[in-house]
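Chain nomenclature is as follows: A, B and C, assigned in order of appearance, with residue numbering initiated at 1 for each chain independently.
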């Protein structure tokens, strides 16, 4: 009987003590704790594709010749200026002075040559090899990096800003995955797998010093846990907050600020263009008219998201609003199905990856399609399975995914891409676009491309993913938009 | 008398079973209809329990969810019984020899695997869904029934009327089915009820992590998972399915206890 | 006794070998390629092939089985495909969360169950007994993840007494670490305590009815003395068995709770590894858990046999 009395009095006392210890831990703010949903599998942005890698290291630990600004502009980074040869095939990059890698070694054009050649190599595991496909050679010419292309390319500066093109040191290249060594304003400190990654200020940084001493990235995949962690003050910010239903509560709370912006994520109902009856454009058009975008944006994303009528970001100046072509009209949908000879409807598969826009959006779309006679069988897949079945195996009818790479309308020119759209006119158009350097011409070509893929109803164009971030009201400098997948902390500071 | 657990137990079980059965022919609303404009409604005369985040009627979702849970649990227990009982009887009939050893060792090995973990493994690897959930849960019911039937059968083998049957020349298989099985039926019913309630909890757990019945088929566990981020705004979305699970499992456990006391007077010792 | 130990050890080894085969085979048939997963949407075929070779995925199944099992013996659990770090290190780090959590939950469960079970047994049939039995019936019926959700709602979000999850690490201090494990431990302990209470109670009641108890009473020992001296000791055997089983369940069964509280434990490791097709992690961790359970059963069996010689014969 002694045991019960002891535990009855000790327990609450322990809890009280623990509570007081926790309260005392509020120190002066030179550190920040950022929440992320997905943990990167490793820390080498040049060796694997996970966006989560860039979200930790881009602009913080690693830098490239150019970088993306918060509005998507291509800015100088390790290259402080460049000259383009008259034929458009030679780029001479003048590099920053006094740059050191985190292990102390000097940065030079040799490192640029090494990094690019490493990315292009046969056995390289760089996920965006095509960014370098057009590069013929890279040479160190009197301290400047000279890049020679195989053909004129308007995209080079843009390509070099990607996380997959950051500059690394030959000495440390092999172990980047677990011990990243870059030139950025933060150094890697440690990684508790499954929990968090800590980075700290680089005192020898060549550029403007950052206003933080340390930054911790905590990985919380469950939306409920993310909400609870923010509310409890365990996190200072969650730049891609996964539960839009909770944003109103954060807005109403003066401790927090909701940071809204745009991403490059076109969220689409991808349709397997080679699978009957989806290979019939009338059927695809019927699907487009059966979908009510407002219901999806409200029901799945609680109002956050901008409707799109084609595969292009609305905030981009070249965007054409084609949403009227796929207006919600179930009557028209049924009529089109009848025209296609499918008056009684048909059934197909809807394979959904983990994100809420897909799972919730998928349930809503399934109900909308059912209303016009199209039965879909929902399969909730993990990313690994989705990649296997849908992306590689092309074994699907419909799927929902958000394509977050910037300016990726070019995927419609690849007939082998998972939705298998094969249109020779579009392919020719995109080929000429790649060589075109005049910006007016480029815009007009992009607009043409948008119309083509909209007229062909290649995929169901749903909405542009919004960047919904939550942060402590006193934390400033976080990116509002997501022109590339990154958590650039270089401009982040605590306001008093 | 301990019959005071039998009655409330039976009532609860009957309630949920009827809800499940009725759902096959009628529910107040169609659970596959999504109507965003009607979401988060409080209970009123149209929607007796309100609506969820997709505007679906909660009462209808509960009824069909009952059907899902009960179906998965029944079939899983069924698998356990249909495979486990014969194994257990065979082991008892061959007590001491190689067959008995083999069956018992395999039993122990299945017991050694953490059940929930393996169920998650199976459903996550081979695809989520009611069928795989049934198989995963069913596999772990087999050793339970095998062990139970064997232990019970062993004690019956020693009884006089069985010895008489053996003397009369009946073989082990006949004896197992004609004499042993009827005498362990009560035990099986009681254990079956307990396993059933465990099956409901297991199905809820698997559905909670997304590995049970898939959309648009409602399931209580998934309703709970969907309600998590909304728990501060719409707590009833978390409370109602949770209570449904608690009451069903409670009912089954009470029923099992009551049946045990009612069916087998010898077990009705001072408990 | 020696013969019994020898026999049980053989069975232990056989079980482990068969288990390793089952684990390996069932996971190898699983569809999904870890290399594709790691490289993502835009990776090209040759890149994926290069990664597969790097990870050793292109060797034959038999070769991989033996190298895996051989590694297990030397403590080399392989290298994770996704994290590229030794599985043994990851397991060790996670153990520092899962093990204390399991112990904490078991301790809570025991602290509740023992007194409750004894109380119920001593008040058999009365109001106290019925109340305890009623509560345990409820406790067993509550899904632990639902209870966890309610705990978070009340104690973390509304009252802010606890954080809603996460684990600060033992470096942050013993109290801080234990505090973050408290709500999860309570959620886990509730159903376990309910089961344990019932087992404690029925086991005590069984013993209280035994002949030797009546002898003790006849000898003049008061009811309370009889209870404490004889009944409790003898009732402990089945209780200890259940506790042993509960421990194994707590170690592996805390998966869902670890997800709700985002604790970096073994359960969540398995979950994430299944999702990312990091099969080597899954195989090794499952084997580890099976080993733990089998060992606990082994030890309990031996203890049983040592205490009760009648059990050393045929089962």
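A few notes on this one:
One rule holds for everything that comes next: contacts are C-beta pairs under 8 Å (C-beta built on N, C-alpha and C of every residue); 3 or more make two chains touch, one makes a residue touch a chain.
These figures come from a predicted structure and were not determined experimentally.
The chain with its CA mean position farthest from that of subunit C is A. Of the two chain pairs examined here, B-C and A-B, the one linked by more C-beta pairs in contact is B-C. Centroid to centroid, with C-alpha atoms defining each point, subunit A and subunit C lie 38 Å apart. One inter-chain figure worth recording: subunit B and subunit C are separated by 22 Å, centre to centre, where each centre is the mean of the chain's CA atoms. We define each chain's centre as the mean of its Cα atoms; on that basis subunit A and subunit B are separated by 44 Å. Counting partner chains per residue, subunit A has residues 222, 224, 382 touching two or more of them.
Touching two or more other chains at once are residues 31-32, 149, 157, 259, 274-275 of subunit C.
Multi-chain contact residues of subunit B (touching two or more other chains) are listed as 124, 228, 231-232.
On subunit C, the positions that touch subunit B within their shared complex are 11, 14-15, 18-19, 26-27, 30-32, 124-125, 137-138, 140-143, 145-146, 149-150, 153, 157, 202, 205, 209, 248-249, 251-253, 255-256, 259, 267, 270-271, 274-275, 282, 286, 289-290, 293-294, 297, 314-315. Within the complex formed with subunit C, the subunit B residues making contact are 96, 104-105, 108-109, 111-118, 120-121, 124-126, 197, 201, 204-205, 208-209, 224, 228, 231-232, 235, 238, 242, 245-247, 249-250, 253-254, 269-271. On the side of subunit A, the complex with subunit C involves touching residues 1, 3-4, 7, 14-15, 17-19, 21-22, 39, 41-42, 48-51, 122-130, 177-178, 192-195, 218, 220-222, 224-225, 228-229, 231-232, 234, 382-385, 387-389, 391-392, 405.
Interface residues of subunit A facing subunit B in the complex, by the touch rule stated above, are 222-224, 227, 243, 245-246, 249, 295, 298-299, 359, 362-364, 366-368, 370, 378-380, 382.
Across the complex, subunit B meets subunit A through its residues 32-34, 36, 39, 53-54, 124, 127-128, 210, 214-216, 228-233.
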